[in-house]
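Chain lettering (A, B, C and D) follows the sequence in which the chains are written, and residue indices restart at 1 in each chain.
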Amino acid sequence: MTQSLYNEAIIEAGKDKTRAGRLPNPDATATADNPLCGDRVTIDLRAENGAITDLAHTTRGCLLTKAAAALLASHARGRPLATARALQAAARAYLEGESNDPPFPELAVMAPVKTVKSRHDCVTIAFDALADAAASVRAAKEGAQGEE
Amino acid sequence: MSPAPPRPGKDLRRHFPIFRHAREPFHFLDNAATGQICDEAAQALLHFETRARANVKRGVYRLADQATAAFDAARASMARYLGETEKNNVVFTSGATAALNIAAHGLARRLGPGDEILLTTLEHHSNIVPWQLTAERQGAVIKAIPVTDEGRLDLDHLDRLVTNETRIIATTHVSNVTGAVTDLGRLRRAADAVGAVLVVDGAQRAPHGPIDIAATGADLYAFSAHKMFAATGAGVLWGKTELLADFEPLLGGGEMIRQVTFEKTTFAPPPHRFEAGTPPIGAVLAMAAAADWLATLDWRAIAEHELGLTARLLDGLQTLPGLRIVGPSGLQGRFGVVSFDIDDIHAHDICQLTDQLEGVALRGGHHCCQPLMHRFATDATARASLAPYNDTDDIDALIRGLDQTIRMLT
Amino acid sequence: MSPAPPRPGKDLRRHFPIFRHAREPFHFLDNAATGQICDEAAQALLHFETRARANVKRGVYRLADQATAAFDAARASMARYLGETEKNNVVFTSGATAALNIAAHGLARRLGPGDEILLTTLEHHSNIVPWQLTAERQGAVIKAIPVTDEGRLDLDHLDRLVTNETRIIATTHVSNVTGAVTDLGRLRRAADAVGAVLVVDGAQRAPHGPIDIAATGADLYAFSAHKMFAATGAGVLWGKTELLADFEPLLGGGEMIRQVTFEKTTFAPPPHRFEAGTPPIGAVLAMAAAADWLATLDWRAIAEHELGLTARLLDGLQTLPGLRIVGPSGLQGRFGVVSFDIDDIHAHDICQLTDQLEGVALRGGHHCCQPLMHRFATDATARASLAPYNDTDDIDALIRGLDQTIRMLT
Amino acid sequence: MTQSLYNEAIIEAGKDKTRAGRLPNPDATATADNPLCGDRVTIDLRAENGAITDLAHTTRGCLLTKAAAALLASHARGRPLATARALQAAARAYLEGESNDPPFPELAVMAPVKTVKSRHDCVTIAFDALADAAASVRAAKEGAQGEE
């Protein structure tokens, strides 16, 4: 039997509905999915002065997907838009064992997932959606600046 | 006199190396995805690859001659497993998927614009996508027989679905999600009424003992070796002589030709026409060894055993809160494949936790049956699927695991 | 420090189970048809099939997760064998033939009426027939680079053969009949001059050690596992990202889709798009194990050893009356594949008698190269082909056997 | 090493050129080939009163093919056309071990070929060609009778 993948902290995070749902009038929305299992995370984002001021996620998927989305959503609020890509890379590196540090401390609860390769995507698709949403806010802002 | 066949369950389990070697509780209930390999198949595979390896169909030195003879005998074995004597109607492929693609490609020339291919909502993607590729090329139309709330084909309106334009009816023999057995007799008559070809996906039937292909009424029949307790990488397309003779090959290459020039190439007759390149020789010999061994088992006893386990499983599942069975709730006209979902718990969480808690191997997902998932308004189900080596310990571990999973996650 | 690699010849032979078990003289010189399996590949195959079997890409229980991870690692191994880091450019197939068919099907959309595919007279049927099927469907034209009297590509008139209509150049890397190595640099430049795609059949190159795919200049590269000392039933199509991304799948089925409805199906990105159905998992893992092991060998020493044997073979053959070598008579730009015919003695008689008299496994026939046979005005040749485990005893037995054969039959 | 496949008798028959070549003005000609190796036997036939009066074979192929063609050609002269099909079946049955009796005694030299399945066709294609040639003479005769 596999080492315990579903620790208390993951189960709790998976049930956490604090940032679950949609935002009204988001600055950007992005969806990422896992074609192999159909899981899907949609992230709505609001930003100001290059920082994430608010975000919410709608997640269809397993407990790991929900837990990762909830943890990421709590962490990301208030962070610079520019860090979203780095978070995405750091999450992958952490799961694949290329780095010992989680992208942020709370994600350390996902440590048991490292050994279960087929579940890595469950954790990373929320990061994918956030990175895409952040990129599209920044692109829109640059576009707007360009027009000035 | 040959010895009595092993009894289903724990006795039979001893003929499968993986169970002899398992150190931890190992309740393998993912047989619809792949069966475990039996000793006979493993030995045939290992013998060929490590002691007798030579390419087939060409060489004359002893090793090559023996390999060719064994390959030929394997064709006869597979014909026998299908209750047939003509071995040249057995085409060796890399699996059921390849077999269905060869069929869909071969039948393409019978299709013109507006002609219809009738599938079913139970189908595996491997019996949908090849027809879509063919339909698109020929301008044909795809229709699908609907499914009842019990996960069976709904044949009530078959008369309306089968039209004068129906050229092909392609159906699974046994559903890999609900375990329902298709009423092939009904479909055969419907096909005959309009002169359509009946293609049967036997991937989930082949592991359940020898098949009487004539009784199925199939014109073409496909299955995979790895699901029938042999190795990965081989399968069969069985086809009626006249049909195969008329098929264009899907793949070109060595061993499938009669004569090659840059101007014009002529093809060998079936089955060679469809076996381009070096075949998966080891896996084919393993499949034949498995088929020969399976033919010695007591399938009446196995069916009874598996239905007993299915009843125990259905009973156990029905005690669990929030659990819905996607498929027949009874034991008639079904095999031991049972899918279900649980309120608010994702199928992957169910599978991960039952493995973690009780060592149960269960599959979760869409099972390559997205149209069927859509029919049942779900993204994914969990599925337990039985083989002759399963026993009550497997079922009980599953129910225990599910019970704990539900407590943990709700 | 890792131990020194085994020396080519008898020392290396100990790593191949078939030679450890052979009870009679066994001089295996049919390596171009299939190589013998090495211990590493046999163990990986057996381990997966009998101890670790689960289907890949879907399951989450431990066994399935490990199988998926191993399958993924195998992709990385094969990329490494090709000197590449991007594993998703490695498509697993059932063999070189399937790989070339996927390539020919995928490139079809680049071809219109009158467009040209340039092949060579050295090609194996597996690198001819797929192009003919594609050419016929698209109205394209097939041309072929001729061959010199020494069995090498005649590139003198390449300028005239490559035209503005040339969309594809498909060539073997190493001839399975003459052993000649193709000047891929020349063909790469010719392809670049007109914007053509260069497809390379590496079936006979893959057994000769790691490949620097970038240095070959290939856009697409195909080979089989069974010729590189792994199991039957697997192979690779390597392709550049942009090309594969643009390919339509040849086979439809499970595991290659993104979303399936009866109305519309969307496909997964490469490599999965081309891996419909349950893959030949055991054979794929065996191939990766073989590739990893092959990468540890001393290929400079092996090349020297094989060329030494080739020289001994050519020298021996030249002493025999009525014998003609079909291929290069020298050692430059070739591998140890040597074809020949003997006045008034059929190739099959040569092969049968050398086996009977001296236990030599030799191949006789057209070697799936009828256009090349036609070029040399023969129906069949006998062929000896070398592997790292061959040694002088094999060559000497062959020459003795040929000598006796000629005495008996003339 | 395989048991001796090429015995003296086979080698001798393979070299026998007595009935090798073509017949002028044959009543029928038929060719059979082995697509796997390209071997080919052409048989020319002359017949009278339902019996084979003369025949010749042109054989491209291995020693076994040549030997079988030569042995068959010597045997068949003077036999009824009607026996050609039976000879064909008997040759196959003999090689595959379904019958212990060769189709005619001289063919017993082919006994070692029984164990080498990939060479059976080398022996049988001459029988295939003879059966086809005989069938076409008979068909022609019947056609001619029908017209009377």
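Simple rule for what comes next: a contact is a pair of C-beta atoms (placed from the backbone, for glycine too) under 8 Å apart; a residue touches a chain by one contact, two chains touch by 3 or more.
Small disclaimer: the values here were computed from a predicted structure and weren't measured.
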{"item": "Most remote chain, CA-based centroid, reference being subunit B", "value": "D"}
{"item": "Separation of subunit A from subunit D, taking each centre as the mean of its C-alpha atoms, in whole Å", "value": "78"}
{"item": "Chain centre separation in whole Å, for subunit D relative to subunit C (CA means)", "value": "39"}
{"item": "Rounded Å distance between subunit B and subunit C, as computed from the means of their C-alpha atoms", "value": "31"}
{"item": "Averaged-CA centre spacing for the pair subunit D and subunit B, given as whole angstrom", "value": "45"}
{"item": "For subunit C, residues that touch 2 or more chains besides their own", "value": "58-62, 64, 259, 348, 352, 355, 364-365"}
{"item": "Multi-chain contact sites of subunit A, meaning residues that touch two or more partners", "value": "1-2, 36, 116, 119"}
{"item": "Which pairs of chains touch, using the document's own definition", "value": "A-B, A-C, B-C, B-D, C-D"}
{"item": "In the complex, subunit D residues that touch subunit C", "value": "1-6, 11, 14, 36-39, 60-65, 116, 119, 122"}
{"item": "List of subunit C residues in touch with subunit D within their complex", "value": "24-25, 346-349, 352-353, 355-359, 364-366, 379-380, 408-409"}
{"item": "Subunit B-facing residues of subunit C, complex", "value": "17-18, 21, 30, 33-34, 36-37, 42, 45-46, 48-55, 58-64, 94-98, 100-101, 104, 119, 124-126, 128-130, 132-133, 142-144, 224, 226, 231-234, 249-257, 259-262, 265, 276-283, 348, 351-352, 354-355, 360-365, 368, 370-371, 374"}
{"item": "Of subunit C, residues touching subunit A in the complex", "value": "57-62, 64-65, 68-69, 72, 258-259, 268"}
{"item": "Partner subunit C, residues of subunit A touching it in the complex", "value": "1-2, 35-36, 116-119"}
